[in-house]
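Quick one: this structure, given as structure tokens, is what I'll be asking you about.
Letters are used for the chains, namely A, B, C and D, taken in the order the chains are written, and counting of residues starts over at 1 for each.
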Amino acid sequence: MALVTSNNYTNSALRTGDVDTYPERKVGEFIGTVVSNASVNDEYKHVVLKVHPQALKAYAGQMFHLLCPSPDGAEVWMRRPMSVYRVDRTNGQIEFLYKIEGRGTRGMALLEPGDDFNVAGPLGHGFTLDPSWKNIAVLGRGVGLATLAPLSQLAAENKVGVTAILSARNPGVVMSKKLFDELGARTMVVLDSDNSSAVENVEKILGDLIARRQADAFFTCGSNRLLKLMQRLGKKHAIPGQVAMEQIMVCGFGACYVCMRTFEVDGQKVLRRVCRDGPVFNMQEAVGW
Amino acid sequence: MALVTSNNYTNSALRTGDVDTYPERKVGEFIGTVVSNASVNDEYKHVVLKVHPQALKAYAGQMFHLLCPSPDGAEVWMRRPMSVYRVDRTNGQIEFLYKIEGRGTRGMALLEPGDDFNVAGPLGHGFTLDPSWKNIAVLGRGVGLATLAPLSQLAAENKVGVTAILSARNPGVVMSKKLFDELGARTMVVLDSDNSSAVENVEKILGDLIARRQADAFFTCGSNRLLKLMQRLGKKHAIPGQVAMEQIMVCGFGACYVCMRTFEVDGQKVLRRVCRDGPVFNMQEAVGW
Amino acid sequence: MVDLSVKIGDITLQNPIQPASGAFSWEYNDVIDLNRLGALVAKTICREPRLGNPTPRMAETEAGIIQSIGLPGKGIEYFVDHIVPEYAKFKPPLVVSVNSETIEDFAALAEELSVPDVDVIEANISCPTRNQTGGNFAMHEDYTRDCITAIRAKTKKPLWVKLSPNAGDIVSIARAAEAAGADCLVIANTFLSLKIRTDNFRPALGNKFGGLVSPALKPIVLRMVYQVAKQVKIPIIGVGGVTKAEDVVEYMLAGASAVGIGYAGFRNPTALVQIIDDLEAWCDERGIKKVTELIGAVKDADMESDPLVAASVGV
Amino acid sequence: MVDLSVKIGDITLQNPIQPASGAFSWEYNDVIDLNRLGALVAKTICREPRLGNPTPRMAETEAGIIQSIGLPGKGIEYFVDHIVPEYAKFKPPLVVSVNSETIEDFAALAEELSVPDVDVIEANISCPTRNQTGGNFAMHEDYTRDCITAIRAKTKKPLWVKLSPNAGDIVSIARAAEAAGADCLVIANTFLSLKIRTDNFRPALGNKFGGLVSPALKPIVLRMVYQVAKQVKIPIIGVGGVTKAEDVVEYMLAGASAVGIGYAGFRNPTALVQIIDDLEAWCDERGIKKVTELIGAVKDADMESDPLVAASVGV
């Protein structure tokens, strides 16, 4: 059976062809149309949405706040934040790579081509590339790869070389390798199953990159352990870095102060909003996650 | 997208093949499987459900309490009562004829073959046929016909003749004629569009039936105006009658006292529960509706 | 297999699941085996026969229902002679809920209801649509104390007291009820509410005000149970929004010894029995030997109080 | 076309839709044109810079969320110097919500906030996770009177007072606020609540208790607005569960002059503007010339009181 929009709520989101009556908007509430929603492996799915052109302004590290459909006839009360996985300006599409976790993502997993999907965004500050950088090192794990993947798109556009180290439990759940490969990144896979994902080994890989001046900046997401490693090496070798953080969110606009993470700035601990001050932060300032 | 059962609630209803661990039950909570859910006209649909054999005990005038799916992703909080339209013991199916009114019935309208549908019943006291009756007169309108239709089945089984007068706005929304016809009832259609449904005309038709001794008992549902007419004629000619009543319900079991209607018994007004004392009542006692 | 039995004072319930007053009758034996329940709870009875409130008595809201039944019934004589025997056919203890406009009559009713087949008197001092000095005593500490003291003097049956979520300071009222001799607190009745129809500008219920019933309210009632449990020694029965076994666990963790269920039984007539089965399975999966281990077992002693530390770990 | 403007004391709002404090900031201009709103309402500010509560600060419940933010902020100086100017870029009146632990400081803060760009002071005396003599004065008539009297003496700005749904007798508290000089009552803040996780037996929020936010609560808050409107002369702003234009109508019928919206704006960031448009269309379809016609227009005078009559007509 097909769901329509609940009468209990407003329905003012922009559809693909709608005229935007508030074109000044930085952020939109959009009703995208599901183009596909395929499984990547047992745990992850990949959804492609046709959206209003305003939504295509999203760039790497920014997120959308998703009004997930109900998996079970009881309402899902809060939006769920997701990094934009890919922006396909040619086809007017945005994509998300997501892990099926709880109710919200289970609801997402039910979406079928042609279904509506209400997404708000793009939100927050994403990754930035310094014009002086020639090569960057990207290290991600799990769902963090969804956040890091579009960085290779950004890097390709800016003619920056990318080495992407993808960490995963086993070969079956390695993700986004194809996307990184396509966009010209050098990809390396490290696995728990053969112990190559151990911190010492990853440290060695990063050390090599540093030695070969292939790491003008560090980027990470998805593992506290890997963040700590990059922080340590970055500090030692004076390599700047960026990390994308996660936290439970309500508004996504910086208004509610629900999504706080701790940062250390000039020796002092402060709280910052992941949704608006981030989700991408100076790697050295992040205290943990 | 397909809905599964909400995690917020229990899921203990009996499916078609389940062993009933409480066979003493008079009433069951069943998960039927939708066989078909077709439109009858612009306003009405007809749903056929494959159900556990225990549900097939239902007879004319009894009702089920339906857990309608959500039409819009927001929960439908209460069950909706519906008369059983037909019990098909051969195929293990029950059927409902329903009018698309509000949220609950809009949710029902979305059901597709193969979907689950949770129904509780059979509930209440239905129609009864006195062995001495040879011919009965049935007068219904709108959704009332859904309640009266299975009476023709009951009558056929008891070899009682039926004259069914079906009142409707126009030829396009006449319903259940086929079902009455099939079960051997004499059917007559009266319409607003040609004024044949006017009280005077229906009174004339009933008068004829009485004169020809074709009306050992009266049955009605669906219109207060027609109820008053049958009450008047029934009183005058000492013809017993039964009426099926409606009221907003919560429990359906007689526990909550939400579904009250007024009756006059021995000159005294009393309240009775439609769900348990009815929904079928002595026509002369009903005060109105 | 887990031992699901719990004690409420001197009464042992075979499990902590019981229906909520007004949402249940012996007639539910049509659909579930009543002998499986922890207790049977009859609809609140008053002295005189009552018609109840004008219809409509229920209206659906955005996330729940409001209802205003008005305590209809055939009066106490009929109740004792005809309804108590219906319940007596079943094994679980019978809890009889009672309400009155005056304290004296309340006590007298409790006395008259103290017949052998009645196991517990539940004083419904919290009917939301009655006024605060007549039937809805649970809005005030003093009225509560006076009412329960009077009832306590007239009956030796276990006395449970149903409190109101509309009271501002439920802890003080709970303590007043305990001090006056209550054996158990039932927390809580329904939330006084109103729905106005935007099609005809009229209140949706015949009685205007009604009590809101919704799973959405569970966090409020749970908070009340938690607060009261820290301040009283007598057992608590949590009532409000229980629709699944985890909700029973949550109430017990907060300090309840048992729960009462209304709405869930309307939505799924077989819910109460299923929740018992699910609770058993839940405990067995976790190796919990006695369900009573859950009572008050919330881990609230070592919560992180520094926001800077909290915001650097986990989600 | 309907005239949507409403007056709250001397302030005219172009329409009765405004955000609820804490659920909004000027940053929402990213997604909606803030100049369309009836008013702008800033998050509650305290004197000192505050970190707020330990995370998690929000947890989803069966039908809504509980949240406990803990009034974080950069303190009043930063607020006046940097945040007020952000709001001043927009045309609708600016409502500044304020809270303090002590009555004296509360009044002093109100005075310091009475700068030209601030149009209204909203005294948030109902923060659910503060205690009743420190910041959550709205649980008691006396505290409310003393607090509002003190604030009134220190500011000439319109003074709105946000009440608590956790109070038992909101009518008396509303009257106390009115008597002490409030120009408008904002009804209501959030319901004190608790969620316990059944996986680890811990409270779901870092601060343990939180305020429940859910459309399910609208019938309770609506009842409060209705009761208070019958007893006070000053205008009321209804806050709680407004998610669509009909909810605005329902609050106005009950006696509110305007509404505040939180949750709906989280669910649908463009909701507030859409609700304004929908309200306009709703009035136009019905030939309502001024939205103020709806205020208190509930038809509650001729309700059928005989259950025997009521149960013989309609559904």
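Observations
In the analysis below, contacts are C-beta pairs under 8 Å (C-beta built on N, C-alpha and C of every residue); 3 or more make two chains touch, one makes a residue touch a chain.
Keep in mind that what you see is a predicted model, and the values were worked out from it rather than measured.
Note on connectivity: the fewest steps through touching chains from chain C to chain D is 1. Looking at B-C and B-D side by side, the one with more C-beta contacts is B-C. Between chain A and chain D, the centres computed from C-alpha atoms are 35 Å apart.
Rounded to whole angstrom, the centroid-to-centroid distance between chain A and chain C, based on C-alpha atoms, equals 47 Å.
Multi-chain contact residues of chain D (touching two or more other chains): 51-52, 55-56, 61-64, 214-215, 243, 307-309, 311, 315.
Multi-chain contact residues of chain A (touching two or more other chains): 7-9, 74-75, 247-248, 260, 271. If you draw each protein chain as a dot and join the dots that touch, every dot ends up joined to every other dot.
Only residues 8, 75, 246-248, 260-262, 269-271, 287-289 of chain B touch chain D when the two sit together in their complex.
Residue ranges on chain A touching chain B, taken from their complex, read 1-9, 69-75, 103, 110-112, 115. Across the interface of their complex, chain B is touched by residues 62-63, 307-309, 311-313, 315 of chain D. Against chain B, the residues of chain C that register as touching in their complex are 22-25, 27-28, 30-33, 43, 51-52, 55-65, 67, 69, 72, 214-215, 243-244, 264-271, 273-275, 277-278.
Only residues 7-13, 22, 24-29, 67, 74-79, 118, 120, 247-258, 260, 271, 276 of chain B touch chain C when the two sit together in their complex.
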